[in-house]
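In what follows, structures are represented as structure tokens.
What follows is a pair of complexes built around chain A, which joins chain B in one and chain C in the other.
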Partner chain A sequence: MEFLGWDQLEAGAVIPSFEDKNSDIVKLKQEERNYAKTNSYTASVADWRVFKPVFNKDVCIDCQNCWVFCPDTAIVARDKDMLGIDYDHCKGCGICAEVCPTNPKSLIMFFENDDNDTALSQWPEKKKKEK
Partner chain B sequence: MAEKLKLQEVEVWDGNMAFAQAMRQAQIDVVAAYPITPSTPTVHGYAKFLADGYIDGEFVLVESEHAAMSGCVGAAAAGGRVATATSSQGFALMIEVLYQASGMRLPIVLGLVNRALASPLNVNGDHSDMYLGRDAGWIMIDAFNAQESYDLMLMGFKIAEDLNVRLPVMVNQDGFITSHTAQNVKPLQDEVAYKFIGDYKEVNPLLDFGKPVTYGAQTEEDWHFEFKARQHKALMDSKDTIENVFKEFESLTKRKYNLVESYLMEDAQVAIVALGSTVESAVQAAKNLRESEGIKAGVVATRAIRPFPLKEVARALKDVKAIATLDRSAPGGTLGMIYNEISGAMYQSDNRPIINNYIYGLGGRDMTQKDIKEIFRDIKRNADSGKLVTPLQQFSGLRGPKLSFFN
Partner chain C sequence: MSKIIKNLKQFSTSNDRFEGAHLLCPGCAHSIIVRELLNCTDDNLVIANATGCLEVCTAVYPHTSWDASWIHIGFENAATAASGAEAMYKTLKRKGRLKEPDKPVKFIAFGGDGATYDIGFQFLSGAVERGHDFTYVCLDNEVYANTGGQRSSSTPRGASTTTTPAGRVSYGKKRYKKDMVAIMAAHGAPYVAQVAPNKWKDMVKKYQKALSTEGPVYINAMSACTTEWKFPADQTIDVSDLGTDSLVFPLYEIENGHKLTITYRPRNIVPVRDYLGVQGRFKHLFKKENQHIIDEMQKAVNEKWELLQRREEAGI
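The block that comes next holds the complex of A and B.
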């Protein structure tokens, strides 16, 4: 983002979310919204993440638990279809992996520098129920 | 709809009642407050008006002064007219949030009834709390009596909410001497007072869901400096708005206010610079000394403490030979604030008077006519000698051996 001078800033560091006034914003999908350039939607605010969740679509049941629990709206889902992680906003807190109910989990935390494809190839097997 | 109060042409109010009445007339949306001596009757008076049906707005009794100012910040960001009142320790507890209010450019009005800061614990008036807030980015105005407390509280809203300003305003009055002394006050009728202030104008209100905004964002080294510079410029520029509001108020009431008030200064050779109720005492002493001892004494007071009227104060003091700067706050290891401000102003002017500093009246110690006359005589000697013959900093009205510094 362009570094503005003191005379170009909104007084009081008040940051608008959108460029235009829009009373129906809730009905628009994120990619359809006209986010203000000061909004962090287009910015990466996740460079301090150490662990990242990796998403395995083959195991996911689209229960939306991760979407509900994510504190940073970093789970990307459309029409109750889980699409993946927004790595520009995910801080790696691990809540999504914790609340994932599938067996094996559809979200597992890996080191930030691990390759996602490698991670997927090492996915654990379904655990047998203990009798 | 709130009832109107029919006011007499002259009412007998103390400074707190003057604050409470002006707040009632301003039709405030939210007052969040936690009462503390000596400003308690301001909050109490406002609460009574509410209970008696004279106020429509919300009144939130919170759990501390930190919460009071936080409530004010929230309500002001939401988009309403907001005010509160406090003193001393309560003000100290608010400090963190005062910086938030000015940084977010929220036009909150705070009635600050000046009182000493502990320790030792003391409920009486001095300017310790006022001085504590002077870097908080607020507009600071000082009232010297009950009438001015009423007038400046009304004007406070108009100044704070002006679209060119949008900064919080602190209206100061002296604890007890002003706040608890009943005096004649000429109020405006409710409709006239409200019309003078005008309707509240929203700027980026949080409750506008069509245009959501973030207040209180984090900015680090790459943005913070620019925001603070912009805020400082708004505070510096607010001088024009303050003067315009003063003028508008004068045309309505014939009561004239200035950024810098001058008394008996036309031919004055020596002058006291002070704040609060001491200003009126000093004017009285100056009048008496002019008659009894022929000392050409005058008094100058900064009505606006922030923004500091540097050029105006230098102009007011352009012909004097000696100045006594009177600070009613423990200076904490240096000269008093007024000494430093006045010296800075005079250093930029053609006149280089001899300036010294008096610390007085801490914890509500009376500033007597005898004390003030002694100070005038002191600086008369400085003026006659053409150099500093008194100590640079003295304590006035103190028991024990004479105490002075920077000798």
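The block that comes next holds the complex of A and C.
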């Protein structure tokens, strides 16, 4: 994509979010939308992360707490199911792991360079309630 | 017609109109607040955004994070831009020149606490007085976070900022926070409310009420700032929880300038000390010579809570 310099842009310029003119965008899921290259959905902030959340489907109860509290729209939830994490947009803040109510947590922060499968094999056991 | 949201599972089927890969700090509460507002309605939106963290981080050339009409406006005139757009929309509708006249459109203005409490104050006041049909959301992070953490009139007493640094001579900001909710209620706005991101259901309810209310609406949203409040990025929701449970940020709404309703009563009220303790900006208050500030703050919070309860009872 060709970018214009600050002195080439006209005052009042518009950045389009989509390639087509669809006024019913709220009815389309993210994968069905025709994003323009100027939409930040096409960009990535993956290099911001030091730690990444790893998602364990076996423990998840689909409560969607992580979805509602994610600041970066990085939790993929479709049809009331939690599907996973959008690693292009996740900044690794760790809120999702913090608000996860299950025991053990179904989202745990691991070091960015760790492999997801290795992380899943190291998943902690269920903790007993302390009396 | 407003969207019906019964529970979190149903809410999660909303299609986001605020995209990721914006440049707000990891753990910023701004985007949680904005996402919930954009998800709680299916109507078309026209958004005016005052300069501040939200504006500079969501529209960094060449990218935009907004899937709705969004205008970048100066520091002071988010309310003015929203009211202007609303006035034009009404005129075009009257003249029959709209392409889709039956589609509901909502007008929203976002501003930080600097843009609302200080710089955009008279413009917001004017827009509310003129009675435009729009919703103003103040993302109240109690500091000018975008420019490096200067004090604003929303900064609470005792907070250390770059222009009110705590040290040997001073304990931070000496003045109390401005009560913006009461000021906007005094304008006679039909609906004024205070929300916090950790109570998502309360927040969605108030947003929907705000959008369906005809006339100017002011919403003060507590937005915990990991950078300037100085706490780890994953603690945003926990700090917000402490804020609402210690009643530093009581959640309530005021209708027609007088009918006050408290919408959240914490089961266990947490001492203000706990809320201050998790934030680096209040670290100096725990020194021996500054302890009396904490007691004074606790007293002020108690008095405010007492006043709110009395006002709710009396209904005036």
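The criterion applied here is as follows: the second predicted complex is superposed on the first by the 117 of 131 C-alpha atoms of A that agree within 3 Å, B and C clash if a C-alpha of one lies under 4 Å from a C-alpha of the other, contacts with A are read in each partner's own complex, and residues count from 1 in each chain.
The working rule: contacts are C-beta pairs under 8 Å (C-beta built on N, C-alpha and C of every residue); 3 or more make two chains touch, one makes a residue touch a chain.
Since the model is a prediction, treat every value here as computed from it, not as a measurement.
Using the contact criterion defined above for the overlaid structures, shared-chain residue A:31 touches neither chain B nor chain C, since it reaches no partner.
In the superposition on chain A, A:47 makes contact with neither chain B nor chain C.
By the touch criterion defined above, A:130 reaches neither chain B nor chain C. With both structures placed on the common chain, the touch criterion links A:93 to chain C but leaves chain B unconnected.
When both complexes are overlaid on chain A, the residue A:117 reaches neither chain B nor chain C.
Judged by the touch definition given at the top, the superposed model places A:17 against both chain B and chain C. Look at A:5: by the touch rule set out above, it reaches chain B but stays clear of chain C.
Between chain B and chain C, C touches the greater number of residues of chain A. In the superposition on the C-alpha atoms of chain A, the part of chain A touched by chain B in one complex and by chain C in the other spans residues 3, 9, 15, 17-18, 23, 25. Those residues of chain B whose C-beta lies close enough to touch chain A in the complex are 103-106, 166, 203-204, 209-217, 219, 222-223, 225-227, 229-231, 233-234.
Of all the residues in chain C, the ones that touch chain A in their complex are 8-13, 15-24, 26-32, 35-36, 42, 44, 58-59, 61-68, 100, 103, 197-198, 200, 226, 232-238.
By the touch rule above, chain A contacts chain C in their complex via residues 1, 3, 9, 15, 17-18, 23, 25-30, 33, 37-45, 48, 62-65, 67-74, 77-80, 86, 88-95, 97-99, 109.
Listing the residues of chain A that touch chain B in their complex gives 3-7, 9-18, 21-23, 25.
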